[in-house]
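Input: one structure, supplied below.
Labels A, B, C and D are assigned to the chains in the order they are written; within every chain, residues are numbered from 1.
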Amino acid sequence: MLSYTLRILARMALTFFVIVTLVFFATRLSGNAIDFLAGEGMTQQDREILIHYYELDRSLWDQYLAFLRAFLDGNFGLSFIVRRPVIEIVAERLWPSAQLLLSAIGLTLLVSLPLGVIAAIWRRHWLGSAAMVVAFLGYAVPNFILAVLMVLVFAYWLNWLPVVGNGTALHFIMPTLAMSGVLIAALTRFTRNAMLDVLGQDFMRTARAKGLPEPVVILRHGLRNASITLLSVIGLQVAGLAASGSVVVESIFAWPGIGELLVSSAIRRDYPVLQFGVVTVAVAVILVNAAIDLAYAWADPRLRHQLKG
Amino acid sequence: MTAAPLLSVRDLSLAFGSHTAMTGLSFDIARGETVALVGESGSGKSATALAIMRLIEREGGRLTGGTVTLHGRPTVDLSALAEGQMQQIRGNRISMIFQEPMTALNPVMPLGEQVAEVLRLHQGLDRKAALAAARAAFERVSIPEPERRLVQYPHELSGGLRQRVMIAMALACQPDLLIADEPTTALDVTTQAEILALIKGLQEESGMAVLFITHDMGVVAEIADRVVVLCRGEQVETGPVAQIFAAPRAEYTRNLMAATPKLGAGAPKRPASAAKPLLEVERLSVRFPVRPGLLARPALDYHAVNEVSLTLGRGETLGLVGESGCGKSTLARTLLGLEQAVDGRVRLEGQEVTGLTAQELRPLRGRMQMVFQDPYASLNPRLPVHDLITEPAHIRSPMTRRERRAMAGELLERVGLEAAAMNRYPHQFSGGQRQRLCICRALSVKPALIVADEAVSALDVTVARQITDLIARLQREEGVSFLFISHDIAVVERVSHRIAVMWAGQVVETGPTETVLRRPLHPYTRRLLSAVLHPEPRCGSVPRDRAARQEMPKLLLPRGAHPERIALRQVEEGHFVAVRDTAELLALQMAQIAPAGGPARAAGAEAGSVVV
Amino acid sequence: MTMALSADRRSALRRLWTGTNAIQKLAFVIGLLLLLMAAFGPLLAAHDPNAQSLLSRLRPPLGFARAELAYPLGTDELGRDVLARCLNGLRLTLTLASLGALLGLVIGGLLGLLAGVAGGRTDAAVMAAVDTQIAVPFTLIALFTLAIFGSSLEVMVIVLGLAGWEQYARIVRGDVRRLMHLPFIEAARAAGAGPGRIAFTHLLPNIVSPLVVQFTLSLSNIVLLESTLSFLGIGVQPPTATLGSMVGIGRDFMPTAPWIVIAPALLIVLITFAVQVIGDWLRDSVDVRLRAR
Amino acid sequence: AQARELTVGAANVSKYLDPGRDHSNVGSQFYYNAFDTLIAKDPDTIGAEFKPALATSWELISPKVMELKLRQGVTFHNGEAMTADDVVFSLNRMYQATFAPYQVRARDRLGNFVKAEKIDDYTVRVTVEREEPLWNTLLSLQQVMIIPEEYTKALTGDPKVAEDSDYEAFSLAPVGTGPYAISQFVPGERVVYTRYDKFWGDKAPLEKATVIRVPETASRVTALKTGEVDLITNIAPDQLAMIDADANLKAVGSATPLFHVMIMNMNHPKLKDPRIRQALSLAIDRDTLNEALWQGKAVVPSTHTMKEFGDLYMPELKTFEYNPEKARKLLKEAGYDGFEITYDTDPVYYTNGLLAAQAIVEMWAKVGVKGKVNVTDKWTGGSKELMVRNWSNPMYFADPFGCFGVMWAPGGPSQSEGRFNTDEAYAKTWEKFRFSKDVEDRRAAYAELMERIKQDPPVLPLYRPYESWAMRKDVNWAPKPGHIPYVLDFRAGAISFASN
């Protein structure tokens, strides 16, 4: 257990370091923050004053070292635009993002597991095809189209749901749906594939030879095995979602999430926020991945010995 | 014959899609009787079993005619039963053991739960009672430490134990009929013997009927009362086991009997041994580092091959036998430089092979080739045959496409395949044909030595016979030397001039084939011989030499430690055995003479009578 | 098993076609139509896709009030012909997506192969790169790549290619590591094959089918991604039309001039639908373990 | 109308709130409600009418010194009384700026101001370097709104010293003297105003006003429809149909006092010849742009001038025109060989900016210029490679100096970014325009400047964009003509509700 954890930690640390470095240099290469911060029309002299003020005249190497040092003393500096500690700015956005993420994942699981199982069992039946068509459509419609469409239908025309922010439970409905569309599609397909893999296995025949009723065979023996494969897929999905967040959904629904924060600070080259934000997201993703790895190893008895010893 | 039948199969016909898998099959099984369903691969044996269980529909097949009647309380026509009612019968009145014990068990469910599930379903036990009953079922099939097994998972058990769990599961509800579909094919001879004995014992206890599916005539002789012989979806013969063996009527049955290797049928004549041996192996050791944890530095070593010494002359075949996992393949792979030896040396035609880099090994590849254990798996499924079988030659000296095709044609004809087959892909060949493709590949570079690793163990007897004949012919015609690896002693006997018996990474006995088989000394050799099933009804029922089971030396050791190594001593001309001292040797010789020993009877008495 | 597989390949293909269901057939037909439209549509379109007629902005499609006969699908916010833009956009989108997916395939495939064959440190390095890619929001990667290298179509293809390489790398590495344990690789080594030969002659043909499937998946992913980039204002440069940019930029007009979005969005849906179904069909057809059921 | 609450959906919310360092369009929305200047420009009239605010009277005591009497009994939102100290502090933070963002903001418009001094608790004097014709205007700027001294200095570090970090902290917790206190500020997301009951002037009409950010237009309109918000900002002309379609909603709008302009890099090797730039300018049919993109509601100027400039409004000047014939001719004379001219534009910043860019490139094509749109989120105005791009020239205050003057001064941003050249003659004319006390002199100087711009154009003002706000029918709000662009004015008289 300990060594496995250590190994995961080592790999996390490596990935982490690569990300930190990459983000740092990519941001600096992509242009001088002043050109994005100060906006239009500034004299050369003013420009220099600001460059100095924001400490952008320090050498790249100095800035990099300072950034690395920040991991030791926890001082990640102030945002260029909002002169607040970036830690606060990012922290504020984490929870709303996580909420949305969780509700999207919840909905996804609720819908796509049954759908995927149905699609696998009735592979040659219209029912299976119908399930897959639902999944295909979820994949086929860009999520901002889905989001704007929902806004128009449920809020603009029907006046049923609120669109702005994350105040009440009702506020969750549309963003959750918009975010889950692709996820549901993906997970349904994965569930179907995993189930198909399992359905062809010998132990399923054994289960039937025991005289077990079909639903028991499918759920207890089939889904349980398939879920192990699914676990890693879900992990990737969650991680991917945690990473890319949902800039689009967040900005359409004015959701104060981290995805929007990252993209807007990237566009405005707010390096401190961007750096810390990306690092935070990366840590979240890495943690999710590690957690899934552990859960995966735990769920699959064949891997469990890796945890012991 | 006397009792009313328990199961009557009448005119059964089966089909998969448009492909007819079985026509007009009829047989009965009485209570307490064992009927063996034999026939070569693909003859419809499994299909029949699945049809009786009515699981064939799930596999894409269907019953196209005939009836299957299960007599008793109540009598039902299985072929017409609804799925719901069928579920009452499966696992309850009829249960089934599948061939592959690893894949037939649910890998993520504790074993206890898997067995308890049947009991809860059919006997309405609650969770606790079902688990207790599962434990009892484990005990009945002599699973050691049954308590612990309840919470273990399939992968934590050896193949033999897994098969026992399968049996426990099948017997949990004391079915009237047990269908066993090749329950031992995947197991090693010694384990096979144990499983068969177990089934037999249980059957005697409970009086259930058994439908036993196999293609191994030795197994049939061992276990069956009556035999149904199938050939390409048709029933060709049926009768009491003795009659089938003594006087087979159908031609197919006769071929089958003829192709079945019998221990003691005699070994080939040794060639005049040349002055210099082709291959010399000296105190070769191979270890695998084992990490106790994933990050931990390797702290343990698995001693897979431990100071093995061998020699092999030109044109000679050395049979290497030993049970699964004893290190045969590892040794073979090391000889070919596919695995690094930690110690010892291998010389081929006087040239040192060990310690060479992949680059340096390349020229030597032409001199030694390997035929791998599983022919299908060792042929790249995506390459056409002409590319596959000429690859070693092509790598040695690049050839044009045309040259490769010409060579492929020649090679295929030499092993008795059509030249036109070169355009096909491996999956378009039968098992035996694939094995020949492997041999073609080995021959493409005119090697002096071919290592054949379990070249026939996965094959049907008739096909296996073709391969061993081919090997013998190649040896005659081209003077190739073979290292023939197998755990099937009867096959080894047929092709080998000499035998080396491996056990726990060491060679424990070696000598001329007949000598070793007739006068085995090492307890392991004797146990191995005793486990061999003879395609002769009734001879197997004699009690076996079980006591001889010996404690295996530990092979997984901390860094630096070495397993005990026992030197070989010569006991007669060319016959060596591993013993610690003369006293032990004497004791072994005494045991050999004593009449109680199975092996003496098995190999000594019969083999002797043929050879002399 | 042997029987089932030993049938000749052509008839196997035919069986696969007859084995397809209605939805799959529909997907094939749609796919074919889309390809034809992409190939010949731009030649047939009546207008230059970038030609503006500012005074005929936001004309609805035929059948609605204020429609103009010259613009059967209406005009966009600059009075450009939506039909012509759709046809050109379709072509460009398909080209971008295929090139992007191809690039991902080559990069990811090669890296995966390298990782799988070499193992050890190389493997760790490639996997670290994969982890990195997963952990960093892709929109940011795209944003910076475009910011650093400018946003030409070539850079766009690279960005889109970067979007999926890690999937390929994962798949290939996983498969290669599995295959490396199979006897036929050992047999190849015994035959004297070096790592290069093992990778390209022996492994590659064996991972083609999962790669093809992944290719179809990433194709539709890329179509969606490209539209998301346009939504964020970092997609292809105007006035060039891709389906994604039409949708991404046109979304502001959804309430007032929905036709600008509906036509390209529908095409996107059709593309991804066809590609997904075909991908799934491929997956099922290459899986020999799937028993007839 | 009775007092009540109001929620506003804005396309953007400031990331910081400090009237001194800010002059962005986003920020302009917010300051007027919470801060006061010494002198107030009357928002209801388009001309320059000034009223007492925090100063009750002011007079020039010498040509370069203004003395102001302060209003007594004014308190800041935090309860502190406003005295001369606060005023001096507020003014000098700009006049003698040490804080970089203030320095930058002060230089272009407050460069002439030397210092503010306290005479007594309610009297201050402001000194300029040269005689100032625009006293009132420059004392009513957003940048010189009054903030509390003690509060600000005590925000961080030493409570007696104004450190940079104090100003940074202030921009997150702004305090002023206006009718509303900023009771909550989530940077970039929301600003909450609550009525300040001790306000010195007319009582604020709203109990509470909340401005939240809703970036997507469709979402903004929808939120208005669903009642989540009462008022929304930034409705592009194309979206007005959505509002018009709903009987419960209405929209108001105005041509915003700012120009969307096209700037051309005089120093780009390929654009050095003024004839090329003239041609690029002459090729653009701004009226068609207005008709197509703004439904004719924008205002296309003939020169760089606005009604708001009062006496200096000079629509009679014909600096810019549409003349494709002439453009073709000039191109030919200049020997234009078909090289590509890139037009940079931000993807979203300017309403219709991207559309206009594409339309302009098409118009160029009609006169034979090969153009290409280059979308970039980066400010390229300072780049040597810049050829043409869009920009805006807002009216920072109601005078050509506050618009053209800030952008195109000698040594100003355009020149220092290297895309605009001035010479001594230009500088002299500019001085005359800036400091002359005689309006006619100023007009003459400005006309001269415009003529130079015409001959060697660095800029083309495209139009004053038409900006719309939408609200429920019962809300009465409209942008006032006397404000700088985008001010969300909720002071007394600016907003009311139809009683129903």
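As a working rule, a contact is a pair of C-beta atoms (placed from the backbone, for glycine too) under 8 Å apart; a residue touches a chain by one contact, two chains touch by 3 or more.
Heads up on the chains, UniProt names are A, C = ABC transporter permease; B = Dipeptide ABC transporter ATP-binding protein.
Computed from a predicted structure; not experimentally measured.
Between the interfaces A-B and C-D, more contacting C-beta pairs are found at A-B.
Averaging Cα coordinates per chain and for the whole protein, the chain whose average falls nearest the overall one is A. With centres taken as mean Cα positions, subunit D sits 89 Å from subunit B. Averaged C-alpha coordinates give centres for subunit A (ABC transporter permease) and subunit B that are 50 Å from one another.
Put simply, the C-alpha centre of subunit C (ABC transporter permease) and that of subunit D have 46 angstrom between them. Centre-to-centre separation of subunit B and subunit C (ABC transporter permease), using mean CA positions: 48 Å. Taken residue by residue, subunit C (ABC transporter permease) touches two or more other chains at 147, 251, 254-255, 291, 293, whereas all remaining positions touch fewer.
Counting partners per residue, subunit A (ABC transporter permease) has 31, 148, 152, 156, 267 as the residues that reach two or more other chains.
Multi-chain contact residues of subunit B (touching two or more other chains): 58-59.
Residues of subunit D that touch subunit A (ABC transporter permease) in their complex: 9, 15-16, 24, 100-101, 103-104, 107-108, 164, 168-169, 171-172, 186-189, 212-216, 218-219, 221-223, 225-226, 228-229, 377-382, 391-392, 406-407, 411-417.
Touching subunit A (ABC transporter permease) in their complex are the following residues of subunit B: 53, 55, 58-59, 83, 86-92, 95-96, 98, 100, 103-109, 117-118, 121-122, 153, 155-156, 166, 169, 292-296. Residue ranges of subunit A (ABC transporter permease) in contact with subunit B, taken from their complex: 2-4, 6-7, 10, 201-203, 205-214, 220-221, 224-225, 228, 299-302, 306, 309.
The touching residues of subunit B, when paired with subunit C (ABC transporter permease) in their complex, are 16-17, 19, 42, 58-60, 333, 336, 338, 358, 361-362, 365, 369-370, 372-374, 377-383, 391-392, 395-396, 427-431, 438, 441. Subunit D contributes residues 217-218, 221, 236, 238-239, 241-242, 288-289, 291-293, 347-348, 354-355, 357-359, 361-362, 373-375, 377-378 to its touches with subunit C (ABC transporter permease) in the complex.
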